Amino acid sequence: MTKLTSLTIKEALDGLKKKEFTATELTEAHIKASEAAQHLNCYITETYDHARAQAKESDARYAKGEAKLLDGVPIAMKDLYCTEGIRTTAGSKILENFKPPYESTVSGNMFRDGAIMLGKANLDEFAMGSSNTTSAYGNVINPWQRKGDNKPLVPGGSSGGSAAAVAARIAMGATGTDTGGSIRQPAAFCGITGIKPTYGRCSRFGIIAFASSLDQAGPFARTVEDCALLLQSMAGYDPKDSTSVNRPVPEYFKSVGQSVKGLKVGVPKEYRVDGANPEITALWDKGVEMMKAAGAEIVDVSLPHTKYALQTYYVIAPAECSSNLARYDGVRFGLRVEGGNLNDTYEATRAAGFGKEVKRRILIGTYVLSAGYYDAYYNKARRVRKLIWQDFINAYEKCDVLLTPTAPTPAFAIGENEQDPVTMYLNDIFTVPASMAGMPGISLPVGLSGDGLPLGLQLLGRPFDEETVFKAASALEKAASFTHLPQSLMNKAA
Amino acid sequence: MAHALLKGETGDWEMVIGLEVHAQILTKSKLFSGASAAFGAAPNTQVSPIDAGFPGMLPVINTLCIEKAVRTGLGLNAKINLYSVFERKNYFYPDLPQGYQISQYQHPIVGEGEIEIDLPDGSTKAIGIERLHVEQDAGKSLHDQHPAKSYVDLNRSGNPLMEIVSKPHMNSAEEAAAYVTKLRAIVRYLDTCDGNMDEGSMRCDVNVSVRKPGDALGTRCEIKNVNSVRFVQQAIEYEARRQIEVIEGGGTIKQETRLFDTKNGTTRAMRSKEDAHDYRYFPDPDLLPLKLEQGFVDNIKSTLPELPDAKKKRFIALGLSSYDAGVLVAEKERAAFFEKVSNNNDPKMAANWVTTELAGALNKTGKSLDESPVSAEQLGGLLKLIADNTISGKIAKDVFAEMFASGKDAATIVEGKGLKQVTDTGAIEKIVDEVLAENPDKIAEYKSGKDKLFGFFVGQTLKKSGGKANPAIVNDLLKKKLSS
Amino acid sequence: MSIDINTVRKVAKLARIRTTDADAEVLTGELNNILAMIGQLNEVKTDGIEPMTSVIEMNLPERADEVTDGGIPEKILANAPEKAAGFFVVPKVVE
């Protein structure tokens, strides 16, 4: 029998239905794998007992023939999702002991559908980062390594723990959140698939906010079909989120495997940046050929404001974050560091509770919103955002999806790109534009770099047209047939 | 009314006053959460994780707040903005859980309007409304529970408020008081705020500046959270005097936020507000812009009740004095009570009874109108007995006292005590004859020219009848008999 | 546009984050790099473009005026660093 931890979610659900194994067995196998992979630091909080209890309930449902969509599937939950009664830290010291008295809508949806939570996955503090090195709970190690080099690599971020857990086969799927690329970039770095759906598709209720107008929940898995199954459960209208859109959730898995004959795939010329990594460019060209070979029509398109997306992002996201993070004041929950008076207490608490990157973003955000700079920065960025959005709308007149690289480089080593914040920010150059425009985007592994690291391509779609994104992604997935495993797993298999 | 000028050492001064009134919108639940908005519960029992600013919590707007804000805007004769935006006002304070207040800034739901205020001398004055916007209330900090600590109760956090901003159109404490009184009456008529100033349902921030008549506006100070009409007057009077003294003493007024001390009637600068504020307003990304249909506004407009000014005009047309009409419409309940009493009764008489007899009795017993032992229907019943001559006006007062004490109907009391007026001329004539027979000397005096004694004969006759004889018949009979 | 160390200190104060002189110095450099990057937005012509608030094109959803929450003081206070008699407790606020 294949190892339970190498199954896809689809295969696992079939096996459970056929009683080839139980949810408890599947869960125990993943707990065992997690324990063996502790050095990767994927979890901030392990919730094995919780998982075992859930598995028991799941087995009972299978016994009664009442299994749900994701019944018995062990997953990792990004520690940005509030889970009732279970510590939720957002990767920050300021929430070290916070136990929410409520459940996030999306985690609740997944539990409703029988998913089993193995642990709260590590992440960049408050989802601010592209390497998972800003977590107050230590960095996550990417299960992949460069050929002939055992320097630990970053898993990407911010959903680094989630992506690494899925890549390391210690969870079958995981939740992430994507504000500027936090699902797609780590998916690319870890050689797995991750989708950021359209803004408004998944409820933000109970997910700790970073930048409210951008944050969007989405899943990681090892196949496009598994992502479709997970998103099916996560998505849906929530009256508790005023930006949740009330439209039915299609059966996404039905899009998987459908023909892309005649599908118009746009290739935006602005993503060919000066000094780009030639391996990435070559992979992109290969992806274009694969789509063409699958029957898609390739269309050259232009998204003229692409080069301003990152700048726009680094005004709007910090502005919103500076306000969203004002609630961490040591009054009602979280860390408090006593000072001589109230203001000292505020300042000491926030100085001790937030890490460097979070502080930088709060300060930038505070600055761009402050009197005298509001129009020059914040309103200017909101205007440019409109232009970026308009670019996408215009492009979708000519094509159905866009194909681009996910990240400008493969995974880098821990400690690299740390010399200056802006260098790190450049990691999100290809993912940020779709975030600004609220468009859905998926990243999937398409090839390896020369030194053996996974490289991902990104497919972007029209608002609420995740079905076409899944369809195109499954065609690309089939053509790429990416079966490489992280070295750590290959070593074990050997 | 001419501007009330203040005398200073260097001449006359004019006050310029604008008010920002925070009125809690009358709803069951909060502006953005489903927790109760009621007053007076145990601490933190009416708090949702949303009101406590917990991580990941999101606001969803209460539809009734929008409707009532529009309704109030229409009542203030103001422009309703079909497009408005909720923004975040960012600052740190222990009773502001999110670290920001969701308010409206650049695009309020209601724009400019105007109301008329009634001044003590019977004149009126138009006061401009600058805007009305909807926002969340903060929680409450208690500073007197512990020597080194403040206690925070978030029950009030997230309660729906309308901030109604006037133009600086008032020039005296009386005008400001009349403005608050009128605003309170309007929101109560509209049922959009209970106007209960004791419970903080209406709180005023008062902006005061002074200038020499004809000069440009002076620097203003804002006095925060003044919570009664009387305090508004006191605060303005004190603050204007203070500013004049500062200026006349060679100083300048610093634009600042001040607190009113209710104990000694003075104002003082707030220490916590000394830091320059930079609220960093920006559109709340958790909420979308609020777009209203004109039809929605028109619908609300078509259901607006008659407001105090219109009602007052109608009452005057019924024959009431401007003063009586003003007293009656000042409180929605009093006006409604009066309208019930005057149903099929003489309006002037009804007004008299409501504003004098009933008001007096309530006042004496410390009761409010809604606690009145005599209902409007019952008082109307009493007036009917007067109108149809069943009892005299004099007896009616005794009957009313009895009604007030027992809660019984007028008819029951009149019946039970046999107070029905005697209108049988024969029976009254007998009493008149008795009185005349008992007072031959008085008759002589009367006939010799002491006309005033006529009253004596009337009084004696009424007394002998136990007050029940119809005074008009007594008059007629006496006139006839004494002139013969 | 660039910012000096005093502006950094002022902004840190506004954001209630204690900053040592050494922190402020490092931050000044970092923030200036970030500001230099976002300053490139000035190259974009945005005349006549309305600032975008949300990518969602729908009306603000509303909820009915019903009491559906609250009545959970123990849960609200459970995570509080300091509490007494049902209140959150903070260092004394000077008004």
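Note that the chains take the letters A, B and C in the order they are written out, and that residue 1 is the start of every chain.
We take it that a contact is a pair of C-beta atoms (placed from the backbone, for glycine too) under 8 Å apart; a residue touches a chain by one contact, two chains touch by 3 or more.
Bear in mind that the values here come from a model prediction, so they are computed numbers and not experimental data.
Note on interfaces A-B and B-C: more C-beta pairs are in contact across B-C. Compare each chain's C-alpha centroid with the centroid of every protein C-alpha atom shown, and the nearest one belongs to C. Note: centroid distance chain A to chain C, computed from Cα atoms, is 24 Å. With centres set at the average Cα position, the gap from chain A to chain B is 58 Å.
If each chain is reduced to the centroid of its CA atoms, chain B and chain C end up 41 Å from each other. With touch defined as above, residues shared between interfaces to two or more other chains in chain C number as follows: 14, 16, 53-54, 56, 58, 60-61, 63, 72, 75-76, 82, 88, 90-94.
Residues of chain B in contact with at least two other chains: 49, 52, 60-61, 92, 94, 150, 152, 278, 280, 285, 287-288. Those residues of chain A in touch with two or more other chains are numbered 98, 101, 213, 239, 242-243, 322, 326, 329, 331-333, 342, 346, 366, 370. Touching chain A in their complex are the following residues of chain C: 1, 3, 7-8, 11-19, 27, 30-31, 33-35, 37-44, 46, 49-56, 58, 60-61, 63, 72, 75-76, 78-82, 88, 90-94. For chain C in complex with chain B, the touching residues are 14, 16, 53-54, 56, 58-73, 75-77, 82, 84-95. On the side of chain A, the complex with chain B involves touching residues 81-82, 88, 90, 95, 98, 100-102, 104, 204-209, 211-213, 239-243, 319-320, 322-323, 325-327, 329, 331-333, 342, 346, 366, 369-371, 374, 378.
Across the interface of their complex, chain A is touched by residues 49, 52-61, 88, 90, 92, 94, 97-100, 150, 152, 278, 280-282, 285-288 of chain B. Listed in rising order, the residues of chain A touching chain C in the complex are 97-99, 101, 199-200, 213, 239, 242-246, 305, 308, 310-312, 314-315, 322, 326, 329-336, 338-348, 350-351, 354, 359-360, 362-364, 366-368, 370, 373, 376-377, 379-387, 389, 420-422, 425, 437-438, 463.
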